[in-house]
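Going by the order they are written in, the chains are A, B, C, D, E and F; count residues from 1 in each one.
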Amino acid sequence: MRNDQREVNELRTVTIETDYVKHPEGSVLISFGDTKVICNASIEDRVPPFLRGQGKGWITAEYAMLPRATESRNIRESSKGKVSGRTMEIQRLIGRSLRAVVDLDKIGERTIWVDCDVIQADGGTRTASITGAFVAVVLALGKLVNKKSMKELPITDYLTAISVGVLPDGKEVLDLCYEEDSRAEVDMNVIMTGKGEFVELQGTGEEATFSMQQLQKMLSLADEGVQELIKLQEEAIGEWADVIRAKAGAAKA
Amino acid sequence: MRNDQREVNELRTVTIETDYVKHPEGSVLISFGDTKVICNASIEDRVPPFLRGQGKGWITAEYAMLPRATESRNIRESSKGKVSGRTMEIQRLIGRSLRAVVDLDKIGERTIWVDCDVIQADGGTRTASITGAFVAVVLALGKLVNKKSMKELPITDYLTAISVGVLPDGKEVLDLCYEEDSRAEVDMNVIMTGKGEFVELQGTGEEATFSMQQLQKMLSLADEGVQELIKLQEEAIGEWADVIRAKAGAAKA
Amino acid sequence: MRNDQREVNELRTVTIETDYVKHPEGSVLISFGDTKVICNASIEDRVPPFLRGQGKGWITAEYAMLPRATESRNIRESSKGKVSGRTMEIQRLIGRSLRAVVDLDKIGERTIWVDCDVIQADGGTRTASITGAFVAVVLALGKLVNKKSMKELPITDYLTAISVGVLPDGKEVLDLCYEEDSRAEVDMNVIMTGKGEFVELQGTGEEATFSMQQLQKMLSLADEGVQELIKLQEEAIGEWADVIRAKAGAAKA
Amino acid sequence: MRNDQREVNELRTVTIETDYVKHPEGSVLISFGDTKVICNASIEDRVPPFLRGQGKGWITAEYAMLPRATESRNIRESSKGKVSGRTMEIQRLIGRSLRAVVDLDKIGERTIWVDCDVIQADGGTRTASITGAFVAVVLALGKLVNKKSMKELPITDYLTAISVGVLPDGKEVLDLCYEEDSRAEVDMNVIMTGKGEFVELQGTGEEATFSMQQLQKMLSLADEGVQELIKLQEEAIGEWADVIRAKAGAAKA
Amino acid sequence: MRNDQREVNELRTVTIETDYVKHPEGSVLISFGDTKVICNASIEDRVPPFLRGQGKGWITAEYAMLPRATESRNIRESSKGKVSGRTMEIQRLIGRSLRAVVDLDKIGERTIWVDCDVIQADGGTRTASITGAFVAVVLALGKLVNKKSMKELPITDYLTAISVGVLPDGKEVLDLCYEEDSRAEVDMNVIMTGKGEFVELQGTGEEATFSMQQLQKMLSLADEGVQELIKLQEEAIGEWADVIRAKAGAAKA
Amino acid sequence: MRNDQREVNELRTVTIETDYVKHPEGSVLISFGDTKVICNASIEDRVPPFLRGQGKGWITAEYAMLPRATESRNIRESSKGKVSGRTMEIQRLIGRSLRAVVDLDKIGERTIWVDCDVIQADGGTRTASITGAFVAVVLALGKLVNKKSMKELPITDYLTAISVGVLPDGKEVLDLCYEEDSRAEVDMNVIMTGKGEFVELQGTGEEATFSMQQLQKMLSLADEGVQELIKLQEEAIGEWADVIRAKAGAAKA
């Protein structure tokens, strides 16, 4: 039994509230239990210098935590004057993952800025960010389609992320809360499409290692979690759900 | 008539939601119409170097906006590697104002960190921050009193802030929204105590000036607004309202 | 009696030496007692990006202190690699104040850079900076008029700044020196035009508050001081004094 | 056939030259074909603040490339004044991986600084860095054992890293050179112990995805590569090879 | 004939005004023609970490120019957030030179901070800074001797700096003004003691070279200039002149 | 006798290995005893802004040390976020020296980036850098000539640098190793052309001084060393040696 009574393959309560902030083209408040992240997607009508003139778009992400999103207060990165390695790693991961399911050739010379701001943290902030950011991006691009600024929704499949890990008792579990995450021997973030393909896989045994068999079990738990999350994303994006399912073709289920 | 039909002396709808984030000692989400600010107060058991060994405490504040709190996206200050002059001005103002109503000699060698994070902006973010931060600080210190870590609530009076200004038509108005603020010829932030004394007064005529008569009118509007805001603060702090009223002694009203 | 025997409404000895440094278009050494500030105005033939192509000009100010302008040495801001919040606040105030009396539409696509460098500090450096900077800007723009690069002097009125405050004994005083400033309960900077209108008002009760009555008294002292300072500015700008008086129309006196 | 005629499961020529630089406690020049990295391990007799007084050690890594290690010159990170996200990601990965096979409790209050400086790059610099850094760390710690400053070699197993990937033709390959890496649809870094357990797994499909079947194939190629690399590490560490084999217990082969 | 009619071995008018700023222990305004530098020496009662506990002192220097010290305005280094290479070179040179004539063992665990701030520049700012800084340091240390905080003046000899160079017509000249300096083929800064020994020699042929014969001529001109400068330093330091002459023993002349 | 048995006028073993790294246009590993520096020259087809449109080229240099090039580990400058004053001084010196022997008018609108990275340090790293950089630049420019991108080699003479100094026993010596350098009373870097003219001369007596006679002796030792170094440079540049000799005209010897 886990400290919050969940089964090993049980997600925390996940909710996705859309149109959370009024200015962004796409805005979502996603919660995985006590982890709460505001995911805003902004559309800018130009691309970074390395892409100019190619008729292609770009997606870039930024991630931050409010100083008191955590148990003890963290110094604000703007005060320190630099972004930590952890933050950089996470925002690179979010951007890279989203680029795998958005057809950059079809968004024109636009940049989608994704801002993931954690207002309360309890483990799994990076996977919650990706799962919420996908919804924010769909809503933002959907608005462009509705305004006829774009011909069709340039999304090729769902994108969902979840954490899995191995607890000190050797048990593989899905969706670790902070208490579990801080004790876990192995921590893995799995980012998958609706078809069940991997977009990114990051498994880490900090001061520990893991076997092929443990890897298999973790991936299987992740797959279960991802199916549930996609259902929640479908509800959140409403009218666009069928469009993406159709695009993604023969979905796994 | 103002663009949102308000009277010149009418506040926007103001709400104060307490315990908004779970980790901080005091946490508030304050809204002035579409302006929404998370105000978190954290207690740290040590003081900055210049105060060590004096048995005295300190209050310091930080202010930030989510990149897409505004109509168009702002570059994150952590990415720029430095905090803007505007941000510095605001966070210094918040800290200074709070220090006027907290008895620093009575909080012991502790620092109260106040974080004001604007998640949606529509004018008046600095005054909303101060008004909300006061509540967060009371809740945080109240917790210490309840836990017997502090003998009594070291708050000497209410603290409330509101903006007033002069519109291009020469009309003085209370609580400017962004649309008004961007057109206003004079912009003044008034920070007052429950007794109606000034803590801070900042009036600016960007590319304009104002007369003594206009100043009087603006201060009178501010006074009206402050009385209403104090009532909302009283509701938010519940059990501590009477304590503060008593301490502040003969209140203005 | 004040510690330097001045009356409550008495300025320190104020002098304005023009053409202090040879390279700038306008250069002034202003002294308020032992406070000495070099104010240089430089004209650059282009504007910041946000104003390009609008046929309009800009004024921006920078403020600094020599490390040993003060009793104990301050670390140089260039060595720290960042400008302090106090410096930012002051330089934003200087720029904003000057923009209130310079007709930016008439200076063309030019930037006026104002540099206020405190070589010796004894309280009131920001108000001395503004008072001196006004003279430097008039001299710099006057040179353009004399060279026929500009049709007329684009100055709409005088600009003068002075500090007032409340000492611990409850006495309101004009033009605080450092010793008074460090003890004062209330500190207010008043920036006024020749017509006696306010450009900026910043009153602060650090760990204290002030009443409406105290505010009135301080503003009245400030008004007295401003009238004297304008006379000194008139002498310093020589040929341009009448031009500005005329422009400002019916002056207060 | 690959562009350099290698089989899909064939490593480039790998060499490990020990005692490359004279000052560091452990120093190695490792080459994977044209990729050349200097890996230096330095022992410092203190630990970072968060570990002080715990009788435990730490390993931290830094990674950099000479500006002209690559085809076109990169701006030096010291000139830019900040370390890129890519660099941070890599140095965090190197440190974390090494900490999985060094018994930090047994190295005492010491920090092992690992510096990986790429002098020539042709793909796989991060995996070469880890593979070489392991050897440098063993040599540095071995020196302490030989000097009797440490009782036994605090290494629990071999540590080796290799890249695998999927080329555009769908072929899985081992040890990608730069030309392959820049074309690859999937790029995976596998860090393994001598026993064949995973320390870290990072698979990325930049603008692409990969299936469970492809993952299996890549992991199997990685396993083959790792076995060969361990043999080269054994030769490089000489006297310490048997010690580590013994410690790691029943090795996979 | 030079552009300002000086002979090749003729200094510009040099003046040294002492007690220029009131707070520093030693303060000097030195002018070499239109080059004007404020040199302040501050005594701090502690040393940098690398010297603590050795009973020895330190001298460190900082150099800066007001933005409009020059013909066109320079961006302030505090705004750029970093100190330029040129500034670093100059401040290292000033500190190193002063350390050659101050007996660091005799000043106790104190740091002498020397601040050289150029308020108007016309060539030779670094040599003027050194020549003025020496006077400021003597005055500051002299005050300590007079207050009995130090037994004797810990200065071993005079320290003077001057520039020499080769103009495009091949003529060697002393004390180049800006106009000459910008045209010069060779530029040399000579820092000498009262005994005529070299403390520092920096000769540079930017896009040019110089022969041994030219070197000899330049050094001979420098020697002439230095003798004159020492006389001016002697007048400026008054009571301390004989003390230093005595210490320096048999002076050259 | 010196600590490594060398005569006062004896260089350490100097070797120059060309084509050390494969990507740069010119690449050299130069060793002066245990001092080893990689010197890479890169050609970029554009110039810095201040030179654009003048048909002229530029040479700029960067210098760095691997953290463990020295006896104890230095913090990486990229981690500190800024380049030290020492590094700036050295890289400015390298660039300036090279510009004295390269005809910038003849290289067209190109920038030559010279990177000197010290992988092992034992004194004299800046002079080794210049001596090696010259060879790298000749090789890089020679490649352009061979590819017909440039009509002739735009080098006007050899460029060589060597250190000389005065040891505590008063002995002048050539080419100081680290042990000597750290004890030396005077340290001088001499940069000379093949014709025996000075390009740069930097003599420093840190906490000491030197006489004209000592200067003469040091310059004479430097001249001896330079002649030997030029021979090694000639061997390294092969086919280009005669071209440069011819250009430099009647060489000294």
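Operating definition for what follows: a residue touches a chain if its C-beta (ideal position, glycine included) is under 8 Å from a C-beta of that chain, and two chains touch if they have at least 3 such contacts.
For each chain, UniProt lists the protein as follows: A, B, C, D, E, F = Ribonuclease PH.
None of these values were measured; they are calculated from a predicted model.
Novice: Expressed in steps between touching chains, what is the minimal separation of subunit A and subunit F?
Specialist: 2
Novice: What are the mutual neighbours of subunit A and subunit D in this structure?
Specialist: Touches both subunit A and subunit D: nothing.
Novice: Repeat of A-D among E-F, D-F or C-E, where over half of the residue-numbered contact pairs coincide, is which pair?
Specialist: E-F
Novice: Give the rotation angle, in degrees and rounded to the nearest 5, that superposes the C-alpha atoms of subunit E onto those of its identical copy subunit F.
Specialist: 180
Novice: Would you mind pulling out the distance in Å between where the CA atoms of subunit B average out and where those of subunit C do?
Specialist: Subunit B and subunit C have C-alpha centres separated by 29 Å.
Novice: Measuring from the mean C-alpha position of subunit A to the mean C-alpha position of subunit C, what distance in angstrom results?
Specialist: It comes to 52 Å between the two C-alpha centres.
Novice: Report the inter-centroid distance (CA atoms only) between subunit A and subunit B in whole Å.
Specialist: Result: the chain centres lie 34 Å from each other.
Novice: Provide the list of subunit F residues touching at least two other chains, using ranges where the numbers run on.
Specialist: In subunit F, residues 81-82 touch at least two other chains, as defined above.
Novice: Starting from subunit C and heading to subunit E first, what is the chain order around the ring?
Specialist: C, E, F, D, A, B
Novice: Which subunit F residues qualify as touching subunit D in the complex?
Specialist: Those in contact with subunit D are residues 21-24, 27, 34, 38, 40, 42, 44, 62, 64, 66-71, 73, 76-83, 87, 113, 115, 117, 119-120.
Novice: Hey, which residues of subunit C end up touching subunit B in the complex?
Specialist: Subunit C reaches subunit B through residues 82, 85-86, 88-89, 91-92, 96, 99-100, 104, 157, 188, 193, 195-212, 215, 219.
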